[in-house]
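So, here come the structures, one by one.
Across the two complexes that follow, chain A remains constant while its partner is chain B and subsequently chain C.
Coming up: the complex of A and B.
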């Protein structure tokens, strides 16, 4: 049986070599999924960098955004239009969660924030499960698909649009952080909260705003995920794990690297799913996380040996 | 041990032995209670005493469970055929076969996770704080995913465990006794361990790892041993729990990160981490509340769990024993210097 599994893996690799257009298909799928990962990871990196809170509920924020978009579209709002109210609603939700929970764990030790957001993740999953039901949902955007290479490769138009929206959102975030007064305050707080406070930055407001912006970004990512793929109350943890993989691999505060890693992860995942089989897709991501952690540790060990 | 504390221990022991005879209908629930005590005790060795908060200790639980199951089946039957049949094959184990298999299985289920812990230590214990927590969470999820995809051990459809040869009442009592024995042995071992130099060392690691290392402690070795201790008892717990439920599968029974994996942490934090009795008190309280309310909450139970974790972590971080310690330090042998002016006013 194991020989059979390896043989089918080999066959799949053969397909990729003999028909290179399949590679293009995998790349297109990977990049469009990777763009959504990039949004979630970007938000995680932002909150992690500014408030040092590691939000394990990241994926559940994404799912909540998706469900809000789903509810709006049931009332006749087109999913792409729904992104705006969902972003606003999720901004408010993020603000509420910040005031209730996050504000109190910022000063405490690092594990506390992890555990508190883990508790939040469980609660959110279950509430979504009760309210929206355990079924897999998807948003119909009503767009067609592009066919390429004589129908060998296809991509839905909504994926192209989604990719564009992710790019626009990412650029807008970078500009906001670079140019605006509040963006400067956020970056100052990330560098040194105490100094920022001394210089008159309202760090509590900065923290609240950062967390709410992250929540809004996740909400938008959720609507996009619902359009190009599916949402389900318990799929959130998969996005949380991916966001952590990306941020840990790319390193904090290196936003271009976060985006490149996210797109790369999307593509790697598609390849792993194709070559190894879909049941190994999740395992691949988790294994990647472990490999990255080990690799970082080896770097650290070398660094320590060098110090001695 | 003072006479008062000895008496307390004996009373609790007697209550533990009497429980299945007084309430025979709930024997399995009491047995699971001891598994929960094992969970929180072993988590506290790492999380409380050493400050390494693992979210993936459940890996050892599931690993032990699967090792025991495979050993029990492999002694009399071909494992691949057995699991491929999805429980359709009924193997009648003779008494001797069953008990030999179980004994050998539990033994190997204790050794296997220790080896796994040693290997994982090499990989993960250089990580600190949240990275360690995320890394261990990753290990647990990966273990569940890989086991689900591995056909030889039954994959996602699981393994039907060998049937206990004794009568129905015997089965519950047997496993109750085994679980209680494991939990009590774990308690006695940790009680001894926490009085040794070893625990001073791991407490030093918790308080400041760099300084501990600078003072000449070989921190990696201590951390590895501490994790192996956790893994040893968790492996046994897994083996017993697997046999007790009668059917094991990777996501819900063996590697349930979101239930058992997080219960461990919640119970320890509830009772007060870094103490000998805190985890036990936390487990007792948590398990009692869970058993009493779980069936009535109908879908709300995990919401209650999530809220409990949030409230516990955010507002009540010191736990029950930590809170008591702050209020009544004299109960814990801490002498409080009261000012004479205050003392005079009191009778």
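Coming up: the complex of A and C.
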């Protein structure tokens, strides 16, 4: 059995070597899905960095966004257009959740905020299940696909569009944080909330805004996921896990690294799925995270020893 | 003194009334046989749980309308007491303990899904309480030597094995050797889907077919594009998928997105994934196994033919557009209970168990006859193909209403 597994692994690598065109297919699929991970991870990194709340409900915000998009498209709104109102609605939802829950746990210890967002995740899953039902849903974008290399490589136009939108959103976020007054306030709060408060930054507003922006980004990611994959009230956890893996691997506060890691993760997942089989797709990612963490720990130890 | 007397009188009176009430309550209960079930009303399987309980209720209503069940000259009505297992097997087991110990119910209807059924069986076994289930198809349920569990449905290893049989038949017809057929497949990593996979593997071995892609989808992954890319490279003749609703949705969508096709494409859960309405053209030609179809020529004295059942249920439940087989098999379970009660002429659980084990009856859902392990061995799985947006029975040939479209045309 194990020999068979290794043999089929070797066969799969052979395919990639003899027909390199399939590498392109894997890269295209990986990058387009990595872009969506990047959105969820970016939002998580933002909230984590600024408020130090680790949002365990991240994936459920994504699902909620997907469902709002689904409801709007049922009323005749094209999913691509729906992204705007869904973003706005999710911004409002984020604000509400901040005022109701997050504000109360922000000053408390790590464990309390983890529990609070975990509870929020469960509540959101069950409410979505009651309201939208447990069926698996998808959104039809109505776009076709690009055939390349005589049909050997295919990519749906919606994936290309999704990739473009993720890029635009990421650039907009970077510009907002760098250039705008509020962006500067957010960065100041992330660095040192007390100093920021002393210098007249309304940190409560900054926290609320950060959380709401994250919620809106998740909402957009949700609509895109409904267009290229599927949504279901209980599938949010997969995105929470991926977002955590990405942010942990990329390192906190390093936004460009978050995006590169997310794209890389998408591609690695595809290769793992191709070579090892779909069952090892996520296992590979988590193993990589482990290796990165160990490696980083070793680097830190050497650093500490050097300091001593 | 006077006051005291009157108080005593009043108390005695109250006690008498209470006793009378209790007695009348008991008398009413004695005319009703209450079946118990822990079923998913909330959580992941709430939709499927509703299907099952709707089927149970519909069966009970019909049996009661027809006069109930006569045992030793006394007529009993049927009733069901439900608890919500929240789609978690551990809860199913707890609730069954409660149903049996606290509510004193001695006749059990199965929960929804193989997981909860697996959790329920040891409990009913421990108390020697018979359970007839309709929604747990996992093969592993019937290898534990359970004596008190009976299932109306075919086991999950039979879901896609008829596809391989059909493929061999079609290959021979078109002058090909069945052993030249290559299979590409992806199954979710859960007990049900792995059973389905085992059925395919065993059947493929029989014909000497080669499995070129054999991936297992993780539970929380809705992407099989890497697997499909491999399939694209290796071009198998037969594609088989099983991963509940998500698996069917993902496979259909991504096959279309990546331009993947094969002569035969088969998957489970086509209906619950609403393939025809969600994907229309992309779902054409897909083969879907089913426990039951309304066009089959089965019939009984309670519901009439399969088609009669279909019509009656749809008339009573406007919220359904079609009758999922999960509903039909749940109703069949009520018929099995009624039949066993009549034959046993007793409410004793041991006698009922023996009567259940000896079940040999025709129903609108198919013939029911249990193996020593408790699974129904008399009813085959049927294969339907999506043709012009409709599910048409194409195999086994005995039941087919249309010929199978082969090879499958690539959707535009």
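What we mean here is this: the second predicted complex is superposed on the first by the 306 of 308 C-alpha atoms of A that agree within 3 Å, B and C clash if a C-alpha of one lies under 4 Å from a C-alpha of the other, contacts with A are read in each partner's own complex, and residues count from 1 in each chain.
Heads up, the rule we're going with is that contacts are C-beta pairs under 8 Å (C-beta built on N, C-alpha and C of every residue); 3 or more make two chains touch, one makes a residue touch a chain.
Quick caveat, the model's predicted, so the values are computed rather than measured.
Applying the stated contact rule after C-alpha superposition, one finds that A:76 touches neither chain B nor chain C. By the touch criterion defined above, A:270 lies against chain C but remains apart from chain B after alignment on the C-alpha atoms of chain A. Once the two complexes are overlaid on the shared chain, A:15 sits against chain C while remaining clear of chain B. In the superposition on chain A, A:286 contacts chain B only, with no contact to chain C. Using the contact criterion defined above for the overlaid structures, shared-chain residue A:138 touches chain C, although it does not reach chain B. Once the two complexes are laid over each other on the shared chain, residue contacts for A:129 go to chain B and to chain C alike. Shared contact residues on chain A (touching chain B in one structure, chain C in the other): 126, 129-130, 237, 241, 279, 282. For chain A in complex with chain B, the residues that touch the partner chain are 1, 54, 101, 104-105, 108-116, 118-127, 129-130, 237, 241, 244, 248, 279-280, 282-283, 286-287, 289-290, 293-294, 296-297, 300-301.
Touching chain C in their complex are the following residues of chain A: 8, 12, 15, 19, 22, 25-26, 29, 33, 126, 129-130, 133-136, 138, 140, 145, 147, 151-152, 154-156, 229-230, 232, 234-235, 237-238, 241, 269-274, 277-279, 281-282. On the chain B side of its complex with chain A, the touching residues are 53, 55, 123-124, 126-127, 129-131, 133-135, 138-139, 141-142, 145-146, 148-149, 151-152, 258, 262, 265, 269, 299-300, 302-303, 305-310, 313-315, 317. By the touch rule above, chain C contacts chain A in their complex via residues 42-47, 186, 189, 214-218, 220-227, 229-230, 232-234, 245-246, 249-250, 253, 257-259, 272-274, 278.
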